[in-house]
Structure formats: structure tokens, C-alpha cells
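So, here's a batch of structures to check.
Next come two complexes built around subunit A: one with subunit B, the other with subunit C.
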Partner chain A sequence: MAKTAPKIALWLWDPGGRLAAALDLEALVQKLARAKGVARAEIIIDPGSPAFLEALHADLEAGVIDRILWVGRFSDEQKRGLPAELSACGLNPYLHHWCDLEEQGLLLAGLEPGLRNRKAGVLLEMALARTRLLDPLEPLELPATDAVLILGAGVAGLHAGASLTELGKRVYLVEKESGAGGKVALLSRFFPRLCDPHCGLQFCLDKLSASPLAEFHTLSTLAALEGSPGNFQARILKNPRYVREEKCNGCGVCLAACPVDLPAGQEPGLEKIAPFLKPARKAIHPAYPLAFPAAFVVERQHCPPECRQCAMVCPTGAVDLDQPPTETVLNVGAVLVTTGWDPYPLSRVAEFGYQRYARIISNLEMEQLLGADRLGSPGVLPEFSLGDMKEIGFIQCVGSRDERHLPYCSSVCCSATLKQAVLIKEMNPQANCYVFYIDIRSPGFDEDLYRRARDLGVVFNREIPSAVDLDPGTGKLGLRVIDPSLNTPLEMNLDLLVLAGGMIPAQGTPDVAQALNLPQNSYGFFESHYQCHPEESQRTGIYVAGCAREPMKVSHAIESAHLAAMKALKYLEGRVLIEPTYPVVDKTRCDQCKRCVEECPFSAFGFDEKSFPTPDLARCRQCGNCMGLCPLGIISLQHHTIKQMAAQVEAFDVSFMGDKEPVVLAFLCKNDAYHLARGAVAAGLDVPPNFIFLEVPCAGAVNNALVADALSFGIDGVLIAGCPEDQCHYVRGSQLVQKRSGDLRDKLQKMMIEPERVRFANLEIRDSDKYVSLLHSYLGDLKTMGPNPFKI
Partner chain B sequence: MTQNFPPEPSLSARLAAASLAVSRCFQCRKCSGGCPLTFAMDLLPDQVIRLAFLGQEEQVLGCRAIWVCSSCETCTTRCPNGIDIAGVIDWLKEEAGKQGKTASQPLVAAFHHYFLESIRKAGGRLPEARMLRRYGLFKLWRQPDLGELAGNLKLGLRLFKKGRLRLAGPEPLKNRAEIDEIFKQAEFKWQGK
Partner chain C sequence: MPPRVDREKCDGCKAEEEPLCAQICPGDLMVLGENRKAHCRQPRDCWDCMSCTKACPVGAIETRTPYQLGYHVARLIPMMGTNTITWTCIDLNGKVERFRYKNRTT
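What follows is the complex of A and B.
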């Protein structure tokens, strides 16, 4: 499209005459009417009036104007409504610019009228400069599938999957075990209602198995993920089950034929990392932990060579002992990571004797004992009958909240122990339960469980034993603590000791992280914003829920799963809508330095066939950090282009404060700093008139070239204000811009400009007071430095 | 001093049976923080509760703290777990009396006893003269101090002259039977000498 000269309509709206009272509006408008590209410049009475809109329509249709600069203070409704209304008669919604003179502090008390008029003139020239360069833009629509990949069929994955199938989305559930259910399937009961978790799991499984949209991939792992949100290709590796899922109906005839009895207990080779118990079983057995899918599974490594008993007796011919591993590629729009947790290896906490003494068990093993006891089954460990246990101790925070092990709180162990103690006391009131703890953390209504346990006479000791020893004579576990209330040592002998161990990310987490290129936090859990967008990972289209994100109880895992599912819907609608404010790379000037590829906080940049960086628009969150960091300044967010900003910088007339006073251009992050600057003006704070600010998508979007430009045009100082470093909405924009300040320093020194003229600030959204005092001290420093040598 | 565990649940159970359950305590120690008499106590109120929960009967009945308690009930009022701490201490006083374990504070214990006994005898109101006589004789027997006795008699005479001390007992309450029933239910008994 050939560029034609812009035809700008400048409409100044001044309801109540507040601007007119402070400024010589008529003169301003008359002057601007003669400016380049201005076709109309008028003071309007009511932008909503039919007469005005009619005239506007006529102008647009006649081609007299092709873009609008709105000057004045417009409501959010007007800013949304007017472009929508005018787009009906052909004005692209991106051909509007809004210039609010008030927010720049023009109406603050105590300014002399000449200064007000001069500053208004500068602001309007800057607004015009940008308006001239506006381009019509259209949103993009990328094709997308309606399928979602869920990694992990535990409680979070199952709930998310069931809900998404209800919404008509195709769901691929990938699970590394032979059956669904995850850790929750191992629990006897869960709090606060103390009901059987299998009930809630079965509810989801029933929904999923009834839906034609759900597909289970058990014994499977994700090998790689390619593509982009809306269109990922996930390569799934499936280990052989040795039983054909479509044929096996779970009749169990094979169980009688199988000659291999595997004992209950810990799986050999796994005990160091997975302290939970597998039940006694045959080499061929139902899926585990839940018998879903119904097909059996063969633990082939335990089969005698040549034995084919199960295959021979199977009435449906489902057993296939020569099944090979397979690989599938699934096309999905989004990925939900619900890979869950594993217990911390308690043997590492040597002082508590886990795996040294049989009567010291993990809390997860206690769940299995409680479950077995309740169900009257022979139990996972027949020698342990809870009924015979008279003195039962619980040690909390084993591994958790310990600098030597896990510095974080695993968040559920207190409530889990309270639940276990309550179940034991209710089953056997004669049993004595002792809980050794640092703090009891029973948030919210879990406190009821704590009270219930105390009412049942559970003894709580706010102290942790230093070590546990076995008395070989009595076979009891001896431990000694100081009662902090009595300041007296207490010695006790226990029949059973339960270690409330911490949670760590599931064993396969690093593999998943690698396959998804998904950052992990310092504890190994998947990184998240945790606060404002807890479900979001740092990779667009990939959402993390449940304990893969952080330790949480079952109910929170389910909530987080639904949140993740809801957010993922955006990429499961058959198309992904992209706002046109995405980055564009000028490949004719790109020298392929790859900084954008490396530093994009969301890894949105890839390479095209000629090795030029190309943003994956579905992944891009449009923060503009690429625009800020490109050393050549050739990446631009559309509608916030470097050219537009440079034109505004160029239009900044440095003389509006006179000769003596310094003038400053401030780039304010639109998330926090922009709002607090407006807030400072609205509160009538003493905002010095020397500043003019521009709103940027992120402090990280400010390119060094713009700063150097500003200083070379004689602007005395440049302020870049972003969020505090650990609070950036785009992960690290405010860090990146400061990281680049070294380069900027060199550049400015070569230009004989003091690098101290550039200032960075990290501000929070309500830091208006801090902002104002910063402006004053900054001005003081600039005055000491004297005028910019380029100021003529 | 090392306690022997397991704790003896019987004391805790007896308290619970008297609607004075202590197992809810989570050792916030607010009771001790607000108690105005801790300066004179050998055990703090929270320690009394903890020892009672752990069944350390000897220690808790033999302590001085339960006799120092003036039943102001600040602890009970402020306990976040609704434990009637002052009530527990009162129960412990009675229990100590029944078991004759008042050696730590015999005079306070005796005052406590003669006060209640006098009320019981008089059918619900306190016959001051009788109480003072009984307690005075006990004290004279335990700690003969003729000077103090002379001083007290003088004070008694002055009070009597001003009409502040009545020799005749007060009238019993209208429903004396109820008072008797209360004392019966509390199994009022005294072994302290």
C-alpha cells in the first residue's frame, strides 16, 4: 500500500471548560490546524452527539480525514465505544490516538499560563507526530485444533480432562503409570470431609470413559513438543503393556495362571526415591494405582523366560507378550502439566531412621495402612496391624522447612497428620497419638480437624525429637523431646513412628521440563507467576496445575486444574485470535545477532528458513522486550513502533521550561508506573512540570536508541520507570532494561553525554509519593549537572 | 526432671467428665500471660493445664499455684479454646483437699476449706464469725502466734463494735436443699489437716 499523506482530524473536547480556563485553547487549535497532516482541528462540544458523529461520518466517507487525534479526557467507555462505532464506517480502530493533557499535570495549581500553553503545545505536537505514523491494523486469526494434552492422570489431570470433555474438547491424557489416579489413589481418606478419594476419582473416570472425546495413553511419556499454541505436535512414547487395551476386559482369568507372586512392599530399586508400597500382586495384574483403564498389565521384567501362561489362558486373546514400544504424535492446541509430586526420600533425614527400622514409616505408607485396615484387606504390610499399635508418634516437617533438605513448607502434611491421628483415635480410642511439630499449619477450615484431634486427646508437642533409636529389648522406638511448656524432658516409647515427609516434584519433572522447554523454580517445581496468574507457565499455551506447580492439598489441586483448563480454552477454539499489536522484525536490516531469540521472556522467537528471527505470534505476549533489546532497533510492536516513539521524541521541544530549567522525558511502564504517575496528578501532588511521559508496554520495551536520541536532541534527562524487579508482569522486563544500561553508558560517553542523565526506577502501582520525591531529587541532580550540552 | 510417658489419661478423663476438658489446649499461653498472680506461682496456669493433660497428678495437685489462684477467671474469659482454666484449678483444689495433698499451702488450703464448709453448714450464706473462729483455731494450732491472735481479736472487737461483724450466723437460703445437693454432687470432702 502506497503511503499517502495522513489526514488527521484533531478533535479537542473540553467538557466544563477546564482546559479553556487554563490554556489559550483557540490559539493552540489554530496553530495545530496549520500543522503537517492536519485536515481538521476543532473544539467539539459533545463527541457523542448525533450531529458531530454525522459530520464525522461524512468527513470519513468523503476521504477528508483518515485518522483521529482525540485531545481531552475521555472515559473508558468512549475510548472503547467511539472506535467501534467508527469502524462501522471504515475507520480502522488502530487509527485513533488519545491525548490526555490533564494526566501530564497541565492543570496542576501554580503553573504560570505561558508555561501551560507551551507545554500543551509540546504535548500536542508529540501526539500529532505519533498520529501521523499510525497504521491500520487487523487482528490475525491462526488455525488451531480443539484437542488438549494433559500430562499426568492424577486428580488434577482427571478433573481438568473431565471438564474439558464436557465442553466438547478432545482430551489426551498421558500417564506414565499403568493406571490413572496418581498419588490421591493411594490415600485412605482425604480431608476435610474424610471421605474416600476413590469416589471423586471414579466420578471423573466415569465421565471420561463415557466420552468419545477422551483418550488415555498409559505407560506413556512426552518425548518432545513442537509447534506453537493452538497447534502443538506432541511426540508420545508408549511402553508396552503386553496386554491389548482394546481386547482385555479385565476378567482376571490370567491371575490364576500367572506363576509369579510379587510381594507387597517397596519396589526394589525404587525405595530410595519412592517410599510407598505396592500391594502383593502377580506379574500380570490390573492397572495401578487404579484399575483404569480396565486392561491388565504385565510386569515383564519379573516374568520367567519362555513363560506364556497368561497368553495361553486369556479368553479374549488380549495378552501380547511381544508388544513393542510405540510412538504417537498428537496434535494439540494447549498442554496442561499435571505431573504431580513424589515424596521426599526420607532416608536422607538420617536421624529419624527411615528404612533402618521397620516401624518407622512415611505418611504415605500410613495412608496405605489406614486404607488396608479400613477395608479389612490383609494389608499392604501384613505384619503391621494398626489395631495392635498402642503408642503412635508423628514427626512433622521431615525434610520440609529444613535448609539441609527442602527449604519450603510442603503445606499438606500437617492436615494429613491431623487426619491420620483422628482416624486412628476414632478407630481405636485406646491408642495414644503424639504429634511432634514446629508449627501446626491448618489453614482455613482445616483448623476444625486440629480441634477434633485435640478433643480426641491427641498429644501435641511443639518440639521435634533430635533422633530416634530402637530399644532392642522392648522392640520399641525411643525418643526424647523437651516439652516447651514445662521446659522438661519427656521420654517416650513408641510402637510406630510416622514421618510426615515433604513433597518434591514428581520424578519425571526434569524430562517434562526439557521436552516442554519449561522453566523450573529453584525447588524444581514449574515456574509460575504464583500470584496474579498462578496457572500460567512461562511458555504460552502450557499451563501448570496441581503439585507440579507447588505443594498443595487435593482440593486446591482440583481448583488449579480447572483454572488451567479454563485458561487453555483460548487455544482450543479451532482458531487463535492474535491482537495486531505483535512484534514485526525488519529482516532486511537484521544481522541475526539472536539477542531477541535468547532474551524473549517467553521464548517466543524462532528462526525462519533463512535463519532470521521470527516471533511465534501465538506464543508472544506482546510485552515489547524484543523491541527494547534489539541492538539495531529493527523490531517494533505494531501500534507502538520504534518509529512512532522516535517521532514523539523528536517532537519534544526542549525549550518549554525556558533556559534554566531541565526537561525530562519519562518512559513509564503501562502496568504500574503509568498508573502511579496519573495517580500523582489526580491526587494533586507536587509533580514538577519539567516532565513529559510516554506510556510503554513494559519498561523493557524502551530501546537504548530512543534514549540516546532523546539526549542528543537536548532533552536533559530520561527516566525509565518499571515494576520492581521480581514483580514484572513479563518476568524480567525491568531487569533487562537495566542490564542494557552498560551498553547505553558506553554509547552516551562516546557522545560526551553524562550517563547519569538516564535514570531507572522500580515503582509499584501506588508509589505516587515515592515517584514525586524521585522526580524532585532527579531534577536537583540534573540542575547540578547543568543543561544537556546538546540543548541549543 | 524426666517425665515418664505414656501420659496417664485418667486425670484428663476425670476433668473431661466434670466438663473441664483440657485436651483442646494448644499452648498459646495466653492464660499465663494475663494472670495477675504469676509472681507468686511455682507453676504457670498453662503448665498446670499441660500437666493435667499429661496426667501428672502428683505434680499438679502438689503445686502452690493452684492455691495462689484467686479465681478471678481472666484466664477462662480469654482462653481461645474455651477451657475453663479457673474451673480446672478449682477442681484441682478440691481434689487436692480430698486426697489430703495440701502440704504446699496448708493455710490457704484451710481457708479455702473452712470458707466452703461454713457456707455449707449455714445453708448457703457465709457465717463470718464461725469461719474466722474455725480458721483462727486451725492457724493457732499450725502456727501458734499469740501476738497475731491478740491483734486479730482486737480487730474483731473493733469490727464488732461498728456492727461489721455479726456473731449470729446469717439466715440459711430459702432453698437449702439445693445448696446441700450442690455440695453433695461436688463430693465435698476434706482430708487436709
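What follows is the complex of A and C.
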């Protein structure tokens, strides 16, 4: 396609004459009117006036102008409104460029007028260079389904699913257990209101089972995920239930027929990593943890050979003992990962004797004991009756906040222990509860629980016991601990000891991570930005909620599930809108080195049929790191192309400061360094005039070739400023550019050019003083180095 | 004289089968070794065209100037811009000259 010469309208708006007071605007505009590609250059009185807009419309329709460079300070409203208004008469909204002279510090006090005029000239030439290369762009619309996949039907998954079905989205809930509910279904009560969690879970389940949009896949796992956001294909493996879900009505006739009695406790054969307890049951039994779906399930591995009792008595013919495993492919727009947690295996904390003595139990077992006691059922620990327990101890942080086990705090165990102690005291005021702790962490209103526990007479001892033994005579636990208030050793005899262990990612997390190609943090939880976008994983269209992300209490897990559901909606609307500022690979020059595929922080690059790298536009977050890292500089974000930037660098006239003073080009990350630079000027700080900055989508979008260009055109120094490494919104933009500019510095050293001419700085959005002092020290260094050898 | 690869710097173009230097070498001399670092497998056949030096994305390759042009002190170093190439020429007396060319774009 032959390019026609650009016809630029340069409109300079100077409300209140602020620029005119400092600059010779007339001369500047007259000079630019003669520049290449400029069709009109005028100082305008009011960009919103009907007369101006009418003239503009006429010009556009007559084809006198085809793009606009707006010079001056425009409000956000104008930057939004004017392109929208002009697009009505055919001007593409991407054919505008806004050049704010003030933000570059032109109006700061103390500059001599000649310098101001020269710098304004350079800035306008740079803006023109970019405006000439603007292209009209149109947003893309990709098709998408309205279905969502939720991995894990625990409290987070159920809440997200219920809300999404209410919004009319199709929900596939995939659960590896036979029933819904997850860990929360095992709790006796949950804080702060101390109500029964089954009530809240049932509420969700009722909504889900009433909705034609929800589909449960129990005993299922995700094998693989393909496709892109809006159009994922999830391959689900389903283990046989041996009971047809559509036929079984849960009547329970089979229970009487089944000859196999399974004891309470851990499923034999499973790795004993977590005390995931099951009640005493038959080999055929209702789904667990919650009897939802209503269909029963057969633990086929425990069936005697040839036994078909259940199949014979089933009145609906639902039992099918020869059911094969099945595989389904689900087409979904987004994935919510709510795979939850497992308790830390307390047997690894040898000093407290877990699994050595029966009277030492975990806090999750305590939950079941409390639940069983309340419901009057034998429960999962039939040998215990809480009513007989008079002396009960709780040890906090077992394995948590301990570098040998879990270095983090699981955040819920303190409140859980307080809740358990309160429940015991309320049930049996004669029982004595002792809590041994490092710190009691009861954030927010959980403090009420702490106060309630104190009022009920729970004893708190800020010291962890040194040893626990069983006294074989009395059958009680002997415990040695220091009482820190009296600084004396204490010996105690307890009936029961509860160990408050921490939370670790659910056992299946590594498999999910592999199927989704989802990064995990050093503790095994799914990586997140935590603060700016807590729900977002590093893979677009995949959202993480609940304890799969970090240990959190039930209420927070539900909140995070709703947040993730809300964010996922973007990919469930039947279409995905893509801003046209996505990356484009010039395949005629690409040599398939695949660095973009390797280094893209979001794994957005794949291959086309000729093995050229192609960005998956639905996954791409448009950070521009591919543009920065491409060794050939042939990947460009549209509207921020490398050509446009190179043209701006080339238009940088190095002589505006005179012969003596160095000049610096700064590439500023638009997430913070750019706002920082604007803020420093707005605050009237002493920003040296030697700097001209360009805004880039991420520091990682700066290609070394641009820096090389800048140096070879005689610019004395190049500053790249981005977010601190661990704060980069695009995960590793700062890190990648730092590595690359390091390589370039080494090259400069060989070329006998001072490597310090290229500088990388980590700046935060309000580091104005640090920024200004950095600029000054940088200038000082550049002055000592003398002019760039390439300066002519 | 053949190219010398800085082993610290070379990342084997991210474990690619054919790193950029191997792709561009007109004599097909650059290969990845077992340590996933590139090297010149037949130094005598190198023409000193410097294509690999220019193509290396991490700046790990240096071409030693042939003795007819200068002894080991002498260096010729290219730096690639978007549309320019900048040469730094250091002769055996340490005298530095620099040139910038616009690239031909196709």
C-alpha cells in the first residue's frame, strides 16, 4: 500500500497566554508551518468553539488535513472528547498526538528565553516526527463464549459460580472430591458470627442446582488447557463414580445392602500428607464432604471382588460398577482457580508428637470433634468425647512462621483457635483451655473473639511448650512450658492438645499449575500482584481466588472469589474487545529467534503455521516488552511503534543546550516514572532543562537499538526509568531492560565510551525528590565525562 | 581471526536450536555447544564478516581483527541502532575513530 504524504494540522492552544509569556509562539508556529508534512499550523483560541470545529470539519472533509498534532495543555476530557467528536467526520481516533510543552518543564522559572524557544522547537519537531508516522487503527473484536470454568467447588468456587449463574453465565464447576464444599464443609462453625458453614454453602448450592446454567463435574481434574482467553478448551478427566448421577436420587437403599464398613479416618493408600478425615462409612455412601450432588459414590477399591449387592438392590438402577473414566472438553472463556488449601502435615513438626499420641490432634480435627459433639454423632474420632476433656491445650504457629517449615503466617489459625476455645468454654464452662502462642493475630473485628475468650477464662501463655510426653499411668499429656510472666517453669497435665497448623497449597496445585502454565510463588501458592490486581494471575483470562492465592479466612476467600468472577466477566461477554495498541511482528524480517516467545511475561506468544512468533492478542497485556527485547527491533506495539520512537530520537536536536551542557533523553515508564516527572515539574522542583523525556508503556519496552540510536546521534546520556523490580505491573519489564542496558553498557565500555552514559533507575510514582537529585547527579557525571564522542 | 564468544554473556539465544549467530553466519560456522553457548566450530574458515557480532542480541561476540589490519589491541566494534550502524575503530596505538551509517532498509 503506497503511503500518501501526511497532512498534519498543528493546533497550538495557549489558554491564558502562559506559553506566549515565555516563548515566541508566533515565530515557532511560522517555522513549523514550513516543516515537512505540515498542512496547517495555527494558534487556536478555543478548541471547543463551534467556529473552530466547523472549520476543522471542513478541512477534514476537503482532505486538506488528515491528522492532528495538538500542542498545549489539554484536559483529559478534551483528550477523550475531541477525538470522539472528530471520528464522526472520519478522523480515526489514533491520528491524534498530544504534545504538552509544559510537562517537559519549559515554563519552570530561571530558564533563559532563548533556551526555552530552542527546547520548544526540539519538542515540537519530535512530536511532528511521531505524528507523521501515525496510522489509523481500529479495535479488534474476537468471538468468545459465555462459559467459565471453576476449578474447585469449595466455598470460593461455589460463591463465584452462584454469582456468575445469576449473571447469566454458564458455569462448569470441576471438583476432585465426590462432593462440593471443600474444607469449609469440615468446619464446625466459622467466625466471626460463629454460625454453621453448611448454611452458607447450602445457600450457594441451592442457587446452583436451581440454575440450568451450572454444571458439576465431580471426581474430575483438569488435564490441559488450550486456546486463548474467551476461547479456552479445557480437557477434563472424570474418574468413575460407579453411580449414574442422572438416575440416583439418594434414597439410601444401597447403604443397607453394602457389606463393607470403612472405618473413620484417612483413606488407606493415600499419602498421609494431610489429616483429611472421613467419617465411618460404607463403601457406597453419599458424596463427601457435602452430599451434593445427591448421587452416591462407590469407593470401588474397597469392594470385595464380584460383590454387586448395591447394583442389585438399587431401585432406580443407578449403580453402574463398570463405569469407565471419561474425558470431556469444555469450551470456556475464562478460568477461575479456587483450588484451596491443605493443612500442613504436622507430623513433620516432630517436637509436638503429632501422630505419636492419639490425644494430640490438629485444629482441623478439632473442628470435626466440635461438629460431632454438637450434632451428637460419633463423628470421625469416636474415641474422643469432648465432654470428658477438662484440660485442653492449644499450641499456635505449629510449623508456621518457622523457617524450617512455613516461613509465612497462615493468618487464620489464631482466630480459629480463639473460636474453638470459646466454643469449648460455652459448651463446658468447667473445661480449662490454655493457649500457648508467639503472638495472637486477630486482625480487625476478630479481636472481639479474643476478648470473648479472655472473658470466658481462657488462659493465654506467651510461650511455646518445649516438650510434650504421655504419662502412661494417667493417660494424660505432660507438658513443660515456661510461664513468662513469672519466669518459672510449669508442668501441666492435659487431656487433649490441639496443634494449630498452617495452610499450604492444596495437594493438586502443582498439577493445576502445570496444566495452566501458571507460575507459583516460593511457597507454592499461585503468583499474584497482591495489591494492584490481586485476582489476576500471570496468565490472561485465568484468575486465582481464595486460599489458592494466599492463606485467608472464609470471608476474604468469598470476597476474592467475587472479585475474580467480576474480572473474568470481560471474557464471558460473547466477544473480547482488543485495543488496537497490540504488538505486530514484521514477519518479512523476523528470523524466528523466539526470544519474544521465551521472555514475554504473560506467555502470550505462540507460533503460526510457518513457525513465526505470533502474539495471542486476547492474552497480550500490551506492555511492549516484546518490542523492547526483539534483537531485530521488528516487533512494535501499534501506536507506539519502534519507528515512531526512532523518528523522535532522530528529531532530537542535541544542540539546544549549547556546546557546553550535556543533553539527556529519558525513557519513562508511563505507570510511574512518567507521572513522577510530570509531578516534579508541576511542583516547581528544580528539574534541569537538559532532559527531554518520552513516555513508554513499560521500561521493558525500550529497545537497545533506540538507546544505540540516541547515543550515535550525539545525545550525551540516556536514562531509562521504570518501577522497582518487584513492583513492575508487567512482572519483569524492569528486570529485562536492566539486563539489556547492562549488556549495552558493557559494549560501550569496549567502544571506549563511558558506560555510565546509559543509566537505569528504579523510581516510584512519588519519588520526586529522588528523581530530581538523580537528574542533578547524572548531569554532574555527564559534565565530568564531557560530550558524547558522537556529538558533532 | 574468528569471533570470540563471551561465555558469561551468551545465553544461547534462550536455548534455541539455531541461535542468531548461527542463523546469520554465511559460512555456517557458529554452533551451540553442549553447554548451550555458541562458538565458532572452524576458526580458519571465518571470513571476519562480523555478521555474528552485529546480530548477537546480548553483545557477547567480539571479532578479533585479523593481523593484517592490526594486532590484538586493535578493535572494530559495531553498535546497531534501529536504522543505523555505528562503528568504533580502535587502532593498535589506541587511536579511536567512530563512524555512523544509515542502514539500507529493504
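One rule holds for everything that comes next: the second predicted complex is superposed on the first by the 777 of 792 C-alpha atoms of A that agree within 3 Å, B and C clash if a C-alpha of one lies under 4 Å from a C-alpha of the other, contacts with A are read in each partner's own complex, and residues count from 1 in each chain.
Throughout what follows, contacts are C-beta pairs under 8 Å (C-beta built on N, C-alpha and C of every residue); 3 or more make two chains touch, one makes a residue touch a chain.
Since this is a predicted model, take the numbers as computed values, not measurements.
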{"item": "Which of subunit B and subunit C A:493 touches, first, second, both or neither", "value": "first"}
{"item": "Partner chain(s) touched by A:432 [first = subunit B, second = subunit C, both, neither]", "value": "first"}
{"item": "Contacts of A:460 with subunit B and subunit C, given as first, second, both or neither", "value": "first"}
{"item": "Which superposed partner A:642 touches (first subunit B, second subunit C, both, neither)", "value": "second"}
{"item": "Touching partner for A:451 - first (subunit B), second (subunit C), both, neither", "value": "first"}
{"item": "Partner chain(s) touched by A:789 [first = subunit B, second = subunit C, both, neither]", "value": "second"}
{"item": "First (subunit B), second (subunit C), both or neither touched by A:671", "value": "neither"}
{"item": "Touching partner for A:117 - first (subunit B), second (subunit C), both, neither", "value": "neither"}
{"item": "Contacts of A:440 with subunit B and subunit C, given as first, second, both or neither", "value": "first"}
{"item": "Subunit C versus subunit B, contacts on subunit A by residue", "value": "C"}
{"item": "Subunit A positions touched by subunit B in one structure and by subunit C in the second", "value": "none"}
{"item": "Footprint of subunit B on subunit A - complex, ascending", "value": "390-391, 432, 440, 450-451, 454-460, 462, 483-486, 488-493"}
{"item": "In the complex with subunit A, residue positions of subunit C that touch it", "value": "9, 13-14, 16, 19-20, 23-24, 55-59, 62, 75, 77, 79-84, 86, 88, 90, 96, 98, 100"}
{"item": "Subunit B - residues contacting subunit A, complex", "value": "1-7, 9, 12, 21, 23-27, 29, 46-47, 50-51, 53-54, 81"}
{"item": "Interface residues, subunit A side, partner subunit C - complex", "value": "591, 593-595, 598-599, 629, 631, 633, 642-643, 645-646, 703, 705-706, 708-709, 711-712, 740, 743-744, 746-747, 750-753, 789-790"}
